[in-house]
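Here's the structure we're looking at; comments come further down.
Chain IDs A, B, C, D and E follow the sequence of writing; residue 1 opens each chain.
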Amino acid sequence: EKTRVGFAPEAYPPFWVADANGNWTGWEVEIIDAVCAEAKLDCERVPVAWEGIIPALLGGKIDMIMNSMRINDERRKVIDFSNKYYEVPTVVVAAKSATVDTTPESMDGKIIGVQVSTGQQAYAEKNFGANASEIRGYNTQDEVYQDLAAGRIDVAIDGVVAMNEFLKSASGAECCESKGVLKRDPSTLGEGYGVGLRKGDDALKAKINDAIAAIRKNGTYDAITKKYFDFDIYGGD
Amino acid sequence: MIWSPAAGSIALLTTGGWGSAMLVGLARSLTIALGAFGLGLLIGIAGALGKLSGGAVTRQALDLYTTIVRSVPELVLILIVYFAGADLINGILTALGQAKIDFNGAIAGIVVLGVVQGAYSTEVIRGAILSVPRGQIEAAQAYGMSSWLALRRITLPAMLPFALPGLSNLWLIAMKDTALLAVLGFGELTQVTRQAAGTTKAYFTFFFAAGCMYLLATMISNLLSRRLEARATRGMAHV
Amino acid sequence: MEMLHADGIRKTFGNLEVLRGVSLTANKGDVISLIGGSGSGKSTFLRCLNCLEHPTGGEIRVDGEAIAFKPDGHGNREPASKAQMRRIRARLAMVFQSFNLWNHMTLLENVIEAPVHVLGVDRKQAVDEGLRLLERVGLYDKRDVYPAFLSGGQQQRGAIARALAVQPLAMLFDEPTSALDPELVGEVLRVIRELAEEGRTMILVTHEMSFARDVSNQVLFLHGGLVEEAGPPAEVFGNPKSERLARFLGSFH
Amino acid sequence: MEMLHADGIRKTFGNLEVLRGVSLTANKGDVISLIGGSGSGKSTFLRCLNCLEHPTGGEIRVDGEAIAFKPDGHGNREPASKAQMRRIRARLAMVFQSFNLWNHMTLLENVIEAPVHVLGVDRKQAVDEGLRLLERVGLYDKRDVYPAFLSGGQQQRGAIARALAVQPLAMLFDEPTSALDPELVGEVLRVIRELAEEGRTMILVTHEMSFARDVSNQVLFLHGGLVEEAGPPAEVFGNPKSERLARFLGSFH
Amino acid sequence: MSSAPDATACEARAGTRRRWLDAGTLTPVIAAILFGTYAALQMRWDWLETYYPLLLRGLGMTVLLVVVTSSLGMLLAIPIGLVQIVGPKWLALPARAFCTVIRGTPLLLQLWLLYYGLGSLFPQFPWIRDSALWPILRQAWPYAFLGLTLSYAAYEGEVFRGAFKGVPKGQLDAARAYGMSGLLMFRRIWLPQAFKRAMPTLAGETILQLKATPLVATITVIDVYSVAAQVRQQTYLTYEPLLLISAIYILMAVVITKVFAWLSGQGQDNTALSKS
């Protein structure tokens, strides 16, 4: 029996990059392959729109989610998570000219863009909701960056890795810069990124946890990471 | 990212291989549209017959179906049918002791859009059947045809000229509605376009190119349906 | 030899009693004309004969075989066996006032439709026979033309060819010329007359009194759902007994 | 007093020369009938008189004022001043074969439309006058009815009231009764006859020969775009000189 | 594809009381009651308390979108239909092309092209951000309103083209014969009659417009659908929010049908369209 791994088919470099033939490459893609191989699972990647990905898991259309999903309390109410397989700080980015930092006061009158149903969105609403003039929700992170470059939003929030990728791109380099790292907030920003699982699917959870530990130990994880990053993305224990 | 002159845009389309990826996406869109249109046609014929000659309960149930589908946005219907449809089918399969099926990809798209199309088809075909002169069907009965034979040989071909304009409209709608599947994450033309645009950052170029592809498909469809109509109405006096 | 026998046919639509017991026997070669005022039930009776309407009461026998009825659950009757009904219908060819040729088929396709798809005749054989029949009604040239491109008279002659193609035991005509322009009536009547002369069994609803007189060997005058008067044409037309018939005939002069 | 004068009107459609020089003079109180076979150009001539068609050649004078033309750049002419054309049109009231009442307006609204919106008459005054005219053509009761609910004869009488409402210098009738069922022709002709009798200037295209003979003081017979014969009705009808006219009149008996 | 508003309205008027619970409505009513009971008992609705203000706001946006874009679209549709009949080539051809292009491509794509496609061009024209229009251009709603308006204009423009063409020539001849100028004729005769011809399609087209509104959610406009989507994402309820807004859309469709039936009843008891 196949294990269906749900992911949102959208560009999120360097974790998810599509080529024209519909092949996906990227750090997370390789980690999926490594985990599945280690756990001896016959995995199949199934594209599901991000906003429907948890319902799809609950409805049995997929068996697990590996899509840079933050492990946080809100989600824990409905689904289960494996141990984290990476963790990076979350940063605030804005136009170079903007005077913005990570404090609520600096968000006064700003339009903040976040991808919907993400930890960033939860964080922004909890901490900046009172100050920002608007928190605009996008269906994909890519669209957030588009509108940041277009100048339609003032501030974006995302994990530092994907954010750096954007800042390296032509449009990102031209317009924007990082304005600081958000403090750790497990209830929204979570405790790292993990595999989303149906509650009660403990056998699968055990397998995945073992596989993550195993590839960390046998060097596979580091080998993959080295191809994409010059630091340890696992982010400490 | 730079507002590229036409030549640059075309280069973008051809070099990264995204152009051909979009063609593949178009082919998938057309396949799904064709499947949905066909399924809708079957539902439409059955629905029309049910409305015209079914019992009171059948008729009202069908009315409910067409009313709901024709007033709830496709986007919402697609989500409902996608989730509920799969639950329903798998529920039935489990009850029958069968294995669950994968309600994903093209099949889901076809079923989802087909259910939507079916409601519109029902109305189009019902109207067309009502336009067939009563005598045509009576003559079929008078020559001993069974209802099934009369349906196949007389009613359906005779209503075709009346149904075709509506049906070709539905086909165009089916084609365009496949774009909505992008919201479910399906890999058809619109979804591929979104990926291409996201990857290359040439949003304008790719959305524009996709628009041209849909437009071309529409115009070719128009041409074909005009021919089909001419053929179907060849038995009608041209005034 | 008795081909078609109807006994005490009754028919009600809702509260309206349209036929109140009409009987008729057609032996082989008989040409029976039904005449009567508008609404007297002529069409309804003809349609009962091949069960296009299900008679509320009475019996129908075709070529010795009685049509079996059963209650339809709405206080009326319906044929007990659809298969039997269809088999019998196919051999009682009907010609309609409004022709009712199938518009999406050419003339030839119209003619071979019932033989091929209902009677299961081999297609090639049906085409040969169909062409012969079209020749016979003078429409060989028009075999590949669609009905909409034919005059009313041509359409009705085509409809007669379609009827002949099922080799009917009896032919039922419901006012075959009353939808035609006056100048086209003649060509249709000519064909019907020829059929009568070659000994076909026919039941004919018509308002063409002189034609009915000429061509039939029996005339039934219907009034208010009953046979008011019946007999050979010379008698019915020449010497009407009932005042109603006399008045009816008078309205034609 | 000359009301309407047309001199040598010519009109070509593409290559088709429909009018090849038709002239006519209507003095106050004249009733002129145009007769002729189908396609002879009667309607075209009438429509040229109020510039619904732009004549290719010739001159038109209404109440002494000549309509000015200029080339339209397509080898034809058009009125030089639209304002002049509209002013003149408004006073040459036309009554059409197919009535052409505006079907989104009640009868009264139809009648007051041109006075109020074209001639700038005060609305209240237009209504009073409109009601009087509807009374006159026997349609006072129908004032608030929409045209679709009127018989053809009533519609045409309504159209005549609409024409009268602009206090026309001359009235142009294009076969006002030929779209009517025979039993409705009379009521319309009666109204037109009354108008003739009260001295209105009228140009009338008609196929009602006896009416034309009765009502008009001049008759023009058009053939092939030319006036083949003209004169007082007694002469034209009683003693046709050209063989064509004789044949044309013959076809009415 | 449009429903027949007049017929339903007449029926409804004719027998409101009688029709209440006769056989004609029994099945739907029973279905609604059964389903309603099931939904009330077996589904979760506690989230309504939190989200109803948002839902109302979204509903407001949806209603605004339908009303404004249909009205503006209609105003555009009239000239678009008209120039295809009487306009010079240089107007008729673009109008024709506009209808073909809009009707031939998915609205979703049009919205994306308008919003993200144009947005991707902004960085090359920095002055845009300094222009007075910028506060509007940076919002999402203008693109939504524009996209939906153009869409309605194209579909209804096609209807108006037919409607203008369908007005019998004699009607216009009569107008000319009584000295009306082109503009007066258009205003008093041609437009009112074309409008009457187009009227029966309006209810259907407007319902289609209603059904198109959720697409604006994909460009971050918050309509009632996007609120439901948000509820879905935050509560992980699969069906409840979808069912609720389905009911809302059905209700709105009924209202649209009724409004147009009433409108056409106002202006139309008079008008069997003339046979000509």
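Here is the rule we use: a residue touches a chain if its C-beta (ideal position, glycine included) is under 8 Å from a C-beta of that chain, and two chains touch if they have at least 3 such contacts.
This structure is a prediction, so every number in the text was calculated from the model and none was measured.
Think of each touching pair as a link: the shortest run of links from subunit A to subunit C has 2 of them.
Identification of common neighbours of subunit A and subunit B yields E.
Chain centres were defined as the mean of their Cα atoms; on that basis the chain farthest from subunit E turns out to be C.
Of all chain pairs, the one linked by the most C-beta contacts is B-E. Superposing the C-alpha atoms of subunit C onto those of subunit D requires a rotation of 175 degrees, given to the nearest 5.
Ranking all chains by how far their C-alpha centres lie from the centre of subunit B, first place goes to D. Centre-to-centre, using mean CA coordinates, subunit D is 46 Å away from subunit E.
Note: centroid distance subunit C to subunit E, computed from Cα atoms, is 54 Å. Measuring from the averaged C-alpha position of subunit B to that of subunit C gives a distance of 45 Å. Across the assembly, subunit A contributes residues 52, 55, 59, 146, 171 that each touch 2 or more other chains. Shared interface positions of subunit B, i.e. residues touching 2 or more other chains, are given as 1, 79, 83, 183, 194, 201, 203. Taken residue by residue, subunit C touches two or more other chains at no position, since every residue touches fewer. Remark: the chains found to touch one another pair up as A-B, A-E, B-C, B-E, D-E.
Of all residues in subunit D, those touching subunit E in their complex are 50, 52, 82, 86-94, 96, 98-104, 106, 113-114, 117-119, 146-149, 162, 166. On the subunit E side of its complex with subunit D, the touching residues are 168, 170-171, 173-181, 184, 188-189, 192-193, 196, 270-276.
Taken in their complex, subunit B has these residues touching subunit E: 1-3, 56-57, 60-61, 63-64, 67-68, 70-77, 79-80, 83-84, 120, 123-124, 166, 169, 172, 176-180, 182-183, 190, 193-194, 197, 201-204, 207-208, 210-211, 214-215, 218-219.
Interface residues of subunit A facing subunit E in the complex, by the touch rule stated above, are 51-52, 54-55, 58-59, 74, 77-79, 111, 116-117, 136-139, 143, 146-147, 149-153, 171, 174-175. Subunit E contributes residues 1, 3, 23-28, 31, 100-101, 103-110, 112-113, 116-121, 123-124, 207, 210-215, 218, 225, 228, 238-239, 242-243, 245-246, 249-250, 252-254 to its touches with subunit B in the complex.
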